[in-house]
Amino acid sequence: MFLPPRLRVLIDGNIIALLLFIGFLAVIPLSGHRFYMYIAVLIMIFGMFAMGYNILFGYAGLLSFGHGLFFGVGAYSVALFTLNVYRDPLVGVLFSIPIALLTSILVGVLTLKHGKVYFAILTLALSMIFWSALVKLRWITGGTDGLTGIPKRGVLVDLSAPTTFYYFILVFFAAIMLGLYALNKSRYGLLLRALGANEDRLPFLGYSTFTLRMIALTVSGVVSALAGSLYAVFYSVVTPDVAYWTFGAEPLVMSLIGGSSYFLGPLVGALIFVSLTTAVARFAEYWMLLLGAALLAMVLFFRGGLLGFLESLVGGLKLGVYRRWRF
Amino acid sequence: MDLTPFLVQALTGLYKGSLYWILALGLILIFGVVRVINFAHAAFYVTGSYIMYTFYNHTGNFIISLIMAMVLTGALGVALEVTVIRRVYKLETIYQLLATFGIALIANEAQKLIWGKGVVYIPIPETLKGGVSVGGVILNHYMTLIIVAGFLLFIATILFMNNTVTGLRIRAVWRDPVMSEALGINTKLTYTLVFFIGTALAGLGGALTVPLISVGPGLADYLIVTAFIIVVVAGLGSITGAYIVSILVGVFSSILVLTIPELDIVVLYMIAALILLFRPQGLFGER
Amino acid sequence: MSVDRRGFIKTLGAGVAGLVVGAVLGWAAKPSEVREVTRTVTVTAPAVERKLPKATVKIGVLGIRSGLWSTYGEFIEQGARLAAEEINARGGILGSRVELAFRDEQADVVKQARELVDVEGVDFIVGIDSSGNALKVGGIIDELGKVLVVSHAATHRLTEELVFKEGKKLIFRSSVPVYQDGILAAYIAKDLPVRKWAGINGDYEFGRVSWDLFTKTLKTLRPDVEFVVTQWPKFGTEDFTPFISALLASDAEALHTSIWAIELVTLQRQLTAMGGYKKFKAVVSTLGYSMDVAYALGAEYPTAELGTWVSARYMWLYPSTKINKEFVDKFKARWGKLPAYSAETTYSAIYMLKAALENAVSLDPDAVIKALEGMVILTPAGVRWIRPEDHQAVYEVPYGRIVHKGAEVPLLEDLKAVPAMLYYRHPPFG
Amino acid sequence: MEILRVENVTKRFGGFVAVNNVSFTVNRGETVAIIGPNGAGKTTLVNVITKRLEPDGGSVFFDGFNITRLPPHRISKLGLIRTFQTVSLFPTLTVRENLALPGLNAGTTSDIKRIAGMLGLEEYMDIVVAKVPLGVQKLIELGMSLLLKPKMLILDEPVAGLGAEDRLNIVKVLSGLKSSLNLIIIEHDMDVVFALVDRIIVMDKGSIIADGKPEEVRENKLVKEIYLGVE
């Protein structure tokens, strides 16, 4: 290729696949099929959530059971902001970013000082506090029933037309994906991967693991919260379910399905997860049975996720391998 | 100030705590020895309930049904250990979680196929129908039975672990599986045994509660969260700690219901989180 | 929210039309007369070439089909199937066959609703158990562009806010909302010789609103009452013992609860075991005669000294009309059990749609809405009037006192009915 | 002129005293070996100096700073760098990425090229570390440390587990470095030690039992008895 070396380093299979996927998403509305648009929006939102999650899990090697907290913080801050302060979805979504940043730092200060096992337990505990607060502080959060009426049409932007909303989400999706790709290619990307590979060694190279973990948690938390805030605008309803730990475990499952050691693994996982749950839910009654069987099959036979499986078929697939995660 | 209501709340809390304890004991044994966090524990619990219901409807005998529920649930646990769980021992924890979570989903649906979607329960045994009245609240004999059973189970577990060869073997594997294997302990067999004990305990818990709690598919999903919190707050690996914390959580949450009903679970989770922030290894755990 | 005395007078005034309807068609009317009326409803359209543009009318059915509450999805399915089978056996709707598509509302209800409309191509949606889910689907109903008849979810916000205030005209409801659990429960409570009430209701909107309406209405009707203790167990509580002992620690004489399904079964049994029925002289259990509960408790259904007063959104033994008797018999023959309330409300929802289609002779949503608004239709639960302003089906369901007569389920005595127009809230819902 | 001063450092594990009240000073330009039998406390001492372990008592000064309370990454930034007895690299990253990690703080691409050339790592650059031989991994470990531009480098058994050829290679590299930085080497291989160092500190049971020039230590009776004798 006739590219300057600096640029050539930036180009690999991931970015090509990503750009093709974004291009594909951009033409979906042309089909005029609203259900596919709906599924695509879900894939984008959960794709962001899972990719954000995997910064912590796949890169930095930290297992969080509390990512529902960040998603929920995003969703509730956009809800509370648009309903009480300024009625505009775009401003609301942007407002959720500083809130998520503060939350991430607070969570980091509380959880990152101890080991990995304690991180998993502490994030779970914090997210359960947040969840129970959402359930119990009814006068602010609406309790179990949540908050309704989050506007799609606001003072500044009007997203009420499905296609407009679709492209609104797509812009955020593309920006976040490209941002994460740039991070992946930057020195911080390398450091975060090193953190996951051998965190004990890094201090002796002059790096503070606490700072690096904090960076990973902040990026992860903000991206997850952004996904949550878009989700809230999408449904115009938000309930405490999004902060429950089972919801927070979904991006983990997605990352593993796609392959948590691959840059695009979580996105592929989100794609599969959303499609699979849509498909098996048609069997109305017993879709949970099928989901359980699928999970079991994955654990027993496809542990590298789909991308790992593909790589074992087609050796040397240059998708950027990270380490496999270990407790 | 009349303290009777608090006493009453404490007593009902004692009963709830004993229930948590039976669940937590199975969890902690399996986690400690087999080193698998068993997400399907709640599914075994409900299975125990259903088996109890079926046997009681056929035999009408409470004791026989209880034993059958324990043994059959344990047997199911062993069957699962041999076919699936054994294959995930060597894997990263996260895959173990997913595997047991998958099993839980399958089990919930299977229960729906076998026992239907309706609510089932059995009556409280005739001899235990009465109760002791404390400040206008009747502490049912059956609830007392569960408190006593929980305490006896605690004593029995401690005695078993400290005074029998099998108990010693289990403790050895708990401490150091590699060293135990080197010393000639059959760890594989120990794992299966512990899985049997753990799931049989879940079955016992499920069976014991059918006279008081109504059973439906996927019932214990909520109960299990509390049991997990107890195990973590107590510290992974402390049996005595798990008993104490179970009882404390039962009593404390019960008193919260009386005093600040608006915020009961928030306060409970806050305290759990605070404990973990300052002692991440749990109250009784070793770092 | 409050229902004061003046509000009642206004209510009475506003409800005159309804009362007239009730008087003419009322639940006591003889079956033959009533059938005549329904005929007049359906024959208003011209008789020439009355056919729908499609050979099949497809109806999407949403209900809870997984987890602890999956019985409720089953009830909805049973009612829907029975209605569709009957209609098809009699030649369908204007010659078009009725086809059903079922989805689990627990698997992301919005996704399921969209899939029903965009992929399955349904013409209508019925069902929905959870209030939260009803509000979620209601929120996007204009995008879906299909008529939705909710047949279980009880939140007043669906009809009062979404339909009446926000003008989402595609939403209808065939089942009685939370008025039954709050306002009517208070009418029952006012006649009981007790002063001090306790409450245990779910910590979610339905439970909160039930208790709120109950206390406010009862305070107006009986200023001497006191509400001494309230407990709010969260949704999915498997064990009520700490809540019960907290209730029993008070000096309350009677208990109000809108807890339902499996939770209610546990609540009743634990209440009995802990001496609740020695303490409380009366218990008002707003969904106590839901069939899953009646079957599960059976002969053990506890009865308080002054009665365990129960209701539901339809009860198989009321009214004693021919159409209801036939429905109960057919239902039992088809499913082997007495019909649960959401089976009837879904069954009637489909008959409401049938009547509307026969009137409109079109699948166009606007035409169907027009035909549904103000419709008066005889259903197993009695005469339903679809109130045009909020699209709420107005009909009455009584409360009754649990008695044991050795039947397969406990029976009810002292049925107390209050005219629907009296205890439903009315536009503009001040 | 001193660069490192260790004062009365003690480290206990439960009841076991691994390092017992150890004090010594290293001057600029000195190359020092710490020897002693297994379990003598050598690695623990290094771990305490670099703060991989918290000391139970005593202080450590490096380049004029009291580093006793500093976290490990700050100590590294001061230029006190160490390697590990069992290779501690980033196994899923390539050799190039491993070498780039220190560079993000101190070095540049040309540094990496130079060091890789010096250590003969060029042919491995794009291979994942987990897949290169142990000898090469030891070299990478060394290369990584050098890229941090250390003022002092503590090497914990740099040639343990290596074949003769690899040993020779590393000794060659190390003797080339002697002039430009302070080295502390923990090593069992006496040939390596005598080939490289100006001074030997002998430890046993957590204490220093001898400290001096190689020839002096070689003649020390106590040392012969408990250490060289055992060998």
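In order of appearance the chains are A, B, C and D, and numbering begins at 1 in each one.
Everything below uses one rule, namely that a contact is a pair of C-beta atoms (placed from the backbone, for glycine too) under 8 Å apart; a residue touches a chain by one contact, two chains touch by 3 or more.
This structure is a prediction, so every number in the text was calculated from the model and none was measured.
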Result of counting contacting C-beta pairs for B-C and A-D, higher pair: B-C
Separation of chain C from chain D, taking each centre as the mean of its C-alpha atoms, in whole Å: 79
Distance between the centres, which are taken as Cα means, of chain D and chain B, whole angstrom: 51
Centre-of-Cα separation between chain D and chain A, whole angstrom: 42
For chain B paired with chain C, centre-to-centre distance based on mean C-alpha positions, whole Å: 38
Chain D residues counted as touching two or more neighbouring chains: none
Multi-chain contact residues (two or more partners), chain B: 108-109, 262, 265
Interface hub residues of chain A, defined as touching at least two other chains: 135-136, 288, 324
Interchain contacts (touch definition) - all pairs: A-B, A-C, A-D, B-C
Chain A residues within the chain B interface of the complex: 63, 110, 114-115, 118, 121-122, 125-126, 128-129, 132-133, 135-137, 245, 252-253, 256, 286, 288-289, 291-296, 298-300, 303, 324-327
Chain A contact footprint on chain B (complex, rising order): 84, 87-88, 91-95, 98-99, 101-110, 225, 229, 232, 262-266, 268-270, 272-273, 276-277, 280-281
Parts of chain A lying in touch with chain C, wherever the complex brings them together: 33-35, 38-39, 42, 135-136, 138, 142-146, 148-149, 162, 235-237, 239, 277-278, 281-282, 284-285, 287-288
Residues of chain C defined as touching chain A within the complex: 65-66, 102-104, 107-108, 110-112, 114-115, 117-119, 131-132, 135-136, 139-140, 143, 155, 157, 203-205, 208, 234-235
Chain C residues within the chain B interface of the complex: 66-68, 70-71, 74, 230-232, 234, 236-239, 241-246, 248-249, 261-262, 265-266, 269-270, 273-275, 278-279, 292-293, 295-296, 300
